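Chains here go by letter, A, B and C, matching the order in which they are written, and residues are numbered from 1 within each.
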Amino acid sequence: MDALLQPTQEAFHLLLTGDTDLWTIIGISFRVSLKAILFATPFALLLAFLLAYVSFPGRRLLLSVFETLMALPAVVVGLLIYLLLSRNGPLGDLRLLFTQTAMVIGQIVLCFPLLVAMGYAAIRSADRRAWETALTLGAGRPRAMLTLIHEVRLGLLVAVIAGFGRIISEIGTSMMVGGNIAGHTRNIPTAIALETSKGHFAEGIALGIVLVTLAFGLNLILNLLQHREAQAA
Amino acid sequence: MNNDARLCISRLEKYYNERHVLSIGRLALVPGRIVHLTGRNGAGKTTLLKILAGLESPDHCDVLLDRCSRPWRAVRQQLRRNVVYLHQHPYMFDNTVADNLGYGLRVTGVPRARRRQAVAMMLERMELEHAAQRNARTLSGGEQQRLALGRAWLLQPRVLLLDEPTANMDTGFRQQTWTLLQEMLSDALAIMVSSHELSESECPDCLNLHLQDGRLNAAPPSLHLVGQERSRPQEVLGVKP
Amino acid sequence: MPKPSLHQPLHTRETAVKRTLQTLLFAWLCVCSLNVPADPVVLRMATTTSTENSGLLKVILPEFEARSGLEVQVLAVGTGQALRLGCNGDVDVVLVHAPAAEQKFVADGCGVNRRPVMYNDFVIIGPPADPAGVAQRGNAADALARIETSRSIFVSRGDDSGTNKKELALWRKAGITPSGSWYREAGQGMGKVLQITGELDGYTLTDRGTWLAYHAKSPLKILFEKDPALYNPYAVIAVNPERYPDANYTGAMAFSDWITSREGQRMIADYRIDGEVLFTPLAIPNPGAP
């Protein structure tokens, strides 16, 4: 029991005394993942909408592709992007490897299929009458799309939160394309891996606490929103 | 009656999986008249209404709007702007009653001040003031219909299409519907209402059309009198026609 | 009845929409833009996890950074991956300890100016009771042979690292191809492997540096050491500028010069963990006092 208690106590101490290394790592994690999700979401939602409402050849195939990509392990995505961004690779001249930008790109690739697949499900669950009502009341198609998105906003928020959850705790991609460089590309999951491999369990637990708190917070928000929706209905 | 404001379609053909659903030579919707469209379930009433509203595309159709006869595809946008279609159970946006009422005005770019005024007036007219800030989905069926009609009315459409608005509804609801429709009717608005039971006709002045095997026929006048003689709803409610 | 004047002309509506879209796009771009301040010149170095875990770099790199004005970014990965990164031009300089692989690295044209820097040694650690009787053996290969005969658990790095290559070379020397349930390939860094070996009460080969950083937390002990075959030399190699002209070759050579200079070598010799010397300088064997 002591083996668990002692590092945990140290962990809280590290967090509360504002250990700079620790908070730098936390900052990098949030900066990278927030950028990735903010960039990916509009495009993913647009694509999800097109898949749900426009019939074009290959639509079903494309949907299956995204649903399959959801299961891709983070380390495989990391490897692929490393090969693309390496000096030796096709996009090597961009000099993006081992930067936060590379991590953002990697995380965009990771969360995009999930956002599309879950967004698609949410939009499909919308009442068909919503779209027709918007159109008949004078909305152009882009405006009707925004209205529809508003109607299913809860389902879409669930998708975004799921996507964010996936990327803030992933290690495979961050490690491969970020390189776990201290102060630059070391984020929470890669730091946890490093610290625990060195036997520094207190740091590992401290960072783990941050992730768990975040997950708890997001779930709480989601539950509150769902409760409020249920009350209004 | 403003002849220029009528909506005419001609040579409407619609196939659905090789089934010839609609084949209509000519249909005119004239402002100031209510057209009562009947037909059994699955006859294609909804399809026809949605085509008129620009929501569903026909295989062939010519539309006469503003004296110009053009193919349906070319005037689809105009149809959407000038024709409002109401579902049997109109859809309420997940928003307040006031926001629902103002939706059409908002998306067509009406400035906020005027929009608020118009919505306030319609809330009063439709007796929905007490629920203005409530979520529209909490309204009763009758209130939702008033909201849907008010929402459409604010847009000043040329044509209003109601898809089986009174099916399986009680007398009070039906009376409300027809009263409101009579109020809304003007020399700038044509209305078409569909139902599958002619006996529910509360509108002796209506033009009755029957959709069968994809074709439109004038409904035989004798069918009007199925059911008891009813006094005009306007007289019952004491409202002037 | 609502007045007809409610409807606005079409073009006003469209400009309003356009303006809103432009504002949104601008705001979104602001959020997404990376506010990268001007960076100092960066030197990217790939090294091994054991070098990183020894803590040496944390001590000597700040000194080098202060002198050279460079910012050193360290990627600590397995030896194989470090050399791969060098060959791909993703780093500017490598610091590894795998002589055979290093020769190939230079022969393949991936690196230039290979210079020996320092050495430490490997040790064989295991359970204090030493069921395989490793401690009495005369040389490292024999020690490993005893482990195989006694079928004691041996945990291997299994990741093509310098340590791994040394271990496999010793097995080859003993004429053994290790396999069976007693031989566990972890595929992880040295720290992890030490933890695993501790849990399994087994044997493993480790570099002294990582061991010194770990031994307080481990139930195991050093059972065999000081065989010249366990010699673990480190070298620094710059990535070939002819292959990757925009690699930071000047920075790489600056680091290479510094770490083999009297000052760098002295810092290496002075580095201690718990009072124990870890690395022995190779470029200048007795750097002595400044």
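Quick notes on this one:
Simple rule for what comes next: a contact is a pair of C-beta atoms (placed from the backbone, for glycine too) under 8 Å apart; a residue touches a chain by one contact, two chains touch by 3 or more.
Please read all numbers here as calculations on a predicted model, not as lab measurements.
Innermost chain of the displayed assembly, by C-alpha centre distance to the whole-protein C-alpha centre, is A.
Centroid distances built from C-alpha atoms place B farthest away from chain C. Centroid to centroid, with C-alpha atoms defining each point, chain A and chain B lie 46 Å apart.
The distance from the centre of chain A to the centre of chain C, each centre being the mean of the chain's C-alpha atoms, comes to 29 Å.
The geometric centre of chain B is 74 Å away from that of chain C, both derived from CA atoms. In chain A, the residues that touch at least two other chains are 143. In chain C, the positions touching at least two other chains are 17.
Listed for chain B are residues 108, each touching two or more other chains.
Those residues of chain A that touch chain B in the shared complex are 127, 129-130, 132-140, 143, 147, 150-151, 232-233.
Residues 35, 38-39, 42, 86-89, 92, 97-98, 100-101, 143, 179-182, 184, 197-199 of chain A are the ones touching chain C in the complex. Residues 17, 28, 31-32, 34, 44, 49, 53, 73-77, 87-90, 188-189, 191-192, 195, 213-214, 217, 244, 247 of chain C are the ones touching chain A in the complex. Against chain A, in their complex, chain B makes its touches with residues 50, 53-55, 80-81, 83-85, 87, 90-91, 93-95, 103-104, 107-108, 135, 137-138, 151-152, 155.
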